[in-house]
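Reviewing the structure listed below.
Going in written order, the chains are labelled A, B and C, and every chain counts its residues from 1.
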Amino acid sequence: MLNFIAKRLLSGVITIWFIATATFFAMHAVPGDPLTQEKAMTPAVRAQLEARYGLDKPLFDQYRLFLGNMLKGDFGISFTQENRRVNDIIREHFPISAILGVAAVLIALVGGITAGSVAAYCRNRWPDRMVMIAVIAAISVPGFVIAGLAQLVIVAMNNAAGKTLLPVAGWGSVSQIWVPALVLGLGTMAYLSRIMRASMLEVLSADFNIAAKAKGVHGWRLFFHHQLRNAVLPVVTELGPTIAAITTGGFVVELIFAIPGLGRYFVQAVQQLDYTVIMGTTVFYGAFLVLVVVLVDISYGLIDPRIRLHRGRS
Amino acid sequence: MAKSLASRFARVLSGQSRWLVTFLFCLSASVPVYAQAVDAENAKVTLALATEPPTLNSAVATDTIASFVLAHIMEGLLVYGADGELAPGVAERWELDANGASFWLRESARWSDGKPVTAHDFVFAWQHALKPSTASQYAFIFYPIKNAEAVNSGKLPAAELGVVAVSDYELRVEFGQPCPYFLSLAAFMTFLPMREDVVEHWGGRYAADGDKLIFNGAYVLDKWVHGAHLRLRKNSHYWQADTVKISEIDMPYITADPSAQFNLFRDQQIAIAPLDTGLLNEAVERGFDIEYFHTGSLFFLEFNFREGRITGNHSFRKAVQRLIDPDLLVNKIIGLPGIKPAYSLFPVTVKGNDKSFREEYPVMRIDPDIAAARAHLQEAKIELGLSEWPPLVLLAGDSPRALQEAEYYQYLFKKGLGIELRIDQQVFKQRLEKMRRGDFDIVAAAWGPDYDDIMTFADLFASWNDNNRGRYDNPLYDRWIRLAQGSNDARTRFNAMAQIQRLVVEDVPILPTYENGALYVQNPRLKGVRRSIFGGDPLFRYAWIEE
Amino acid sequence: MAISVFRFAPKTWGDADEVEAVAPLPLPSMASPTVILSALMVLFLLLFVTVGPLLWKQSPSQQWLSQISDGASSAYSVRIVSDNGAWRPSAKNDLPRGLTVHAANTEYVRLHWPKLAGVERYRIYRGDANKPGLGLAMADTGDNYYQDRLQLSREVYRYTIADAETGLLLFAREVRPEPAMSAFEAQLQGLIPLGGNEEWVDIPAHPLGTDALGRDILARLMAGGRTSLFVGVVAPLLYISFGCIFGAIAGLMGGWVDQLAMRFVDFVVALPFLLFMILFRVAFGIGPGENGIMPLIVAMLMLSWPGSARLIRGQVLALRSQPFVEASRIAGVGTSKIILRHMLPNVLPMILVAFSFAIPQAIFTEAFLSFIGMGVSPPTTSWGALCNDGIKTLLSHPRQLLLPALLISMSVLAFNILGDALRDATDRRSGVVRA
């Protein structure tokens, strides 16, 4: 087990290095630099700025310097948000993306598992068909359209009620989380309910299920203890990529709903060529993803007694 | 069982349990409190910001959001009054002469920690802004002051700058060149005072957060959550705090999306929201009062005059001039009231002797004419010895309006002149870099005034100006600029400007397209908000809420 | 929700014992009505973008300046009017008694009213005659005349003149502008010769209306669909081919080559997809005059190939140890022949399935990037770019967003159902039992 974790972590570190290097050189291949400004500046001022940010050094030296600082956990100071450390930007804004992401994953999980189970129980009857139609709709409509329409619906609702039932945008209160989280998690929810339905159908016809029933287990106990626990495994497998996608993919939702998450900063940084913020956010996200994947691998072993990690690769 | 499963999931999901704690805390602790657009009881206004200010350090701030916040939390020697006139700020009175200016500061002006605002705070701030190590983009705005350029390029120490504190409450400025508009400069944000001890204490982190700066304006920055929330509260140490009627300006939303802001307005969450083309009809249908103001900025097409560019040919530029009709662009493509077609280098908001410059010196208007345009193009073809027109590159920004405009020009060029115009759409930094390098034939550019004088537009296309991206080089143009810059006499200056205006129409170094206006909706109970080009926009310093 | 591109990620068939594969859904067989419907839908979309432009001959880039953001319209005639930006009533015009309309067409409405003592500035409002309220404040003026040229269309307007200071309403009048086109535009569009003096011209129908630049939406949907479907098919074709070759080489060579190749695949998989799409897209840039399709496809190629590489490598490894392959090798059959005879027929169905799932993904990715303004560059357009144009006018002209969004949804849906059916069929054929 320890051996496995160590192996995964080591490959994770190399992955992060790879991400950092790829980002660094891709970024420097873009014409222009973050110091380019609307107003022309004197050579003296420009030289000062270049020296301050270390841009006067050869590219490879900059790369070495960056790697060194990265090992120390320091991503430097933002170019566009003057005086703000990239570490501070990540520390302040990632939790927001994370809360949104966690809420989205929660909604997707609860919704997906429920809808999938219901569909499987009512196979080929109307609840099943309803769920499958909803799934198809959620999968086929682009997210940005859903986000825009969701806002329209909220506004129409508030207008009809004559008061603010749900805020249209912004961040800071619980009621401002759910709508963007739902929009963000909708696609995943649809995907998960498909998987859940399939795996629940399989469980329902499995030997152990029939055996449990024969033993007299029934009701919720049968559902939670025997059926759900087994049927949920494929869903857990999907969690890694799901969390990854949701946390790094939330920026359209963040933009439309005016949520100050990290994704928004990344897009802004790319457009402004803010080197330090681009590097900081990409490496951070990369590290986060690697961590999530390792954690999911481990948790998979914890949930399913049939799989033992120490078996490793054959 | 269900519970343990759920908690296992939670562990899997959260990765680090810290996030889970944060999340649960968020669920349980926060009670939904919705902001209210205007709150008469507490004299509170709620707004949305388009972006967060990149910095609130007045020495390096450049953008309009910072200018808006700084206008509320800081006060310079002079300020813009309720009607947009220059009014006394920290300076009680002043004298302006050909060689310099003197300011006498009021003794009642206080910083938010109770210490008096002195002439030294201004001397320090200006010297600080000019130091090469500060790398302020706006350093050039000090250049009329003696030795400013030398200090900025590091040739002279900061102490040599022509600004001295004669006493704690008297400031003397020496000019290096005539500067009849210095008073309007004194109201500009880069000229705001700074406290040496505070700046030294925080060093590079100065003004990075709300608690890392000090205020002398009508408000203090009470809360600054990056990317999410700013809040201004009335400053009790402000010397005329009793005239400030709005006691709290809350900005809990930061979004650049006009639709999001409009939705917030419609939902009565914010007091002011900008409008764009797509939102106009909706706002009209809801019966909102739609207001607009001239932002003072000029949008134009700039031609590239570098060696080997076809755009250097005069007949070609005349052809483009006869093809592109600013009136058509504004009315059909942009389609917003309040945006004006532009025909001159100087927008209508530029001041002249007594009235607006454009009223005193009307501009010649060239009517669109396809036949004439094609005739000019034919001349250009012969002059350049071309048998066929190569495709031209139009460098454009990536905003929706910029793109729409570019597509319109592309169509006009194709249909009207038979020229293929290739759109080079670039994000902000790359566009600036390409402009700097001259990597374009035509660029859709814009210029906003830095200070309240005609020169902020006029010297833009002087051969020595680094912001002259097309490298237009006309000795005649330069001569008129030098004449105006060397003169303190208003009539001489404006006559020279009239020549510049005529030259721009005749020689077409740029083709003005429109003068920008901003449309917005405002809560009808909120009164006296000043929308303006200079001195922070919107300004709530003189605003009040009607019961 | 923005991560739609991940939704139908083809299964990453990892090492068999590491991750258990998901059971296939009991999906309709190849001949079910749903599948036939989807196939018809795909056929319709393909015909729409290929044959459509041949039937509907309007140019997607023609800008009808006199019909900006117009609703659905049939062909009609317009009067040619000579436009002159500046207008003032001539002296010979009598002083109006009330609010007088000197001209009313969709190019300009000219209003003239008597000067009133005590009123210094007038404010002109324009509203929809069928709706209450004053409408939009057009301008403040000190003169007693006004020319309105702002995006006029063929509806009935109500103009109201008020005192700008007090808000007191002075005059009101309903005006129905006559369809018109400026001589400048008519010359530009080539409808009348330069210097010609035709009085009327015909303009074509726009069954789905026009967009914010007066372009025919139907024609743009066809042109946009070509880009979207092209990217949707070509990008997966390229990256799946590359992934297959990469995976096959790794699988066939085995040993350290395989190890190294698979580690590299792990790294690429770990790159945050959308972040790198955006980064690559900016890094490659779009030169002037390029349509931006190539950088998009290259960026997708660089990031999306590992899935199929893993898939193929796993299959090749599995096949290599199959008795019939071993037998062939012992019998002295050459490697290339083994690949052609045994390997290819066995992996081809899987590649097809992966491909059919990759198409909707690629369509979504393109739509998403174009939507955030990092996709194709004008005059080229795509469904995503049309959505991006449309979302700005969602409130006033929802059609401009909903139509391209509908087409994206239709194509994604159809390809997904086809992919499901295909997977189902191949599973049955090859008898692979997963899970």
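To be clear about the criterion, contacts are C-beta pairs under 8 Å (C-beta built on N, C-alpha and C of every residue); 3 or more make two chains touch, one makes a residue touch a chain.
The shown structure was predicted, so the numbers you read here are calculated from the model rather than taken from an experiment.
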In terms of CA centroid distance, which chain is the most far removed from chain A? B
Note: of the two pairs A-C and B-C, more contacts are counted for A-C
Quick check: how many Å separate the C-alpha centres of chain A and chain B? 37
Rounded Å distance between chain A and chain C, as computed from the means of their C-alpha atoms: 26
For chain B paired with chain C, centre-to-centre distance based on mean C-alpha positions, whole Å: 34
Where chain A touches two or more other chains at once, by residue number: 30-31, 148, 270-271
Going by the contact rule already set, what residues in chain B reach two or more other chains? 259, 398, 427, 430
Residues of chain C that touch two or more other chains: which are they? 282, 285, 391, 394-395
Show me the residue ranges of chain A that touch chain C in the complex, using the header's touch definition. 11, 14-15, 18-19, 22-23, 26-27, 29-31, 136, 139-148, 152, 183-188, 190-191, 194-195, 197-199, 201-202, 233-234, 237-238, 241-242, 244-246, 248-253, 266-267, 270-271, 278, 281-282, 285-286, 289-290, 293, 307, 311, 313-314
Name, in rising order, each residue of chain B that touches chain C in their complex. 259, 276-282, 284-285, 287, 289-291, 325, 327-328, 331-333, 335, 337, 341, 365, 367-368, 370-371, 374, 391, 393-395, 398, 400, 403-404, 406-408, 410-412, 415-416, 420, 422-427, 430
Where on chain C does chain B make contact in their complex? 61-63, 65-66, 68, 84-86, 127, 131-133, 135-139, 149-151, 182, 184, 187-190, 194-195, 212-214, 282, 285-289, 373, 377-379, 388-389, 391-397
Spell out the part of chain B that touches chain A in their complex, as residue ranges. 1-2, 5, 8-9, 11-15, 19-20, 22-23, 26-27, 30-34, 48, 52, 54-55, 57, 60, 62, 132-133, 135-140, 152-154, 204-208, 225-229, 252-255, 257, 259-260, 263-264, 266-269, 398, 427-430, 432-434, 436, 465-467
Hey, which residues of chain A end up touching chain B in the complex? 30-34, 36-49, 52, 77, 80-84, 88-89, 92-93, 95-96, 98-99, 102-103, 105-106, 109, 148, 151, 154-155, 158-159, 164, 167-177, 221, 224-225, 228-229, 232, 236, 239, 243, 255-258, 260, 264-265, 270-273, 288, 291-292, 295-296, 299, 302-303
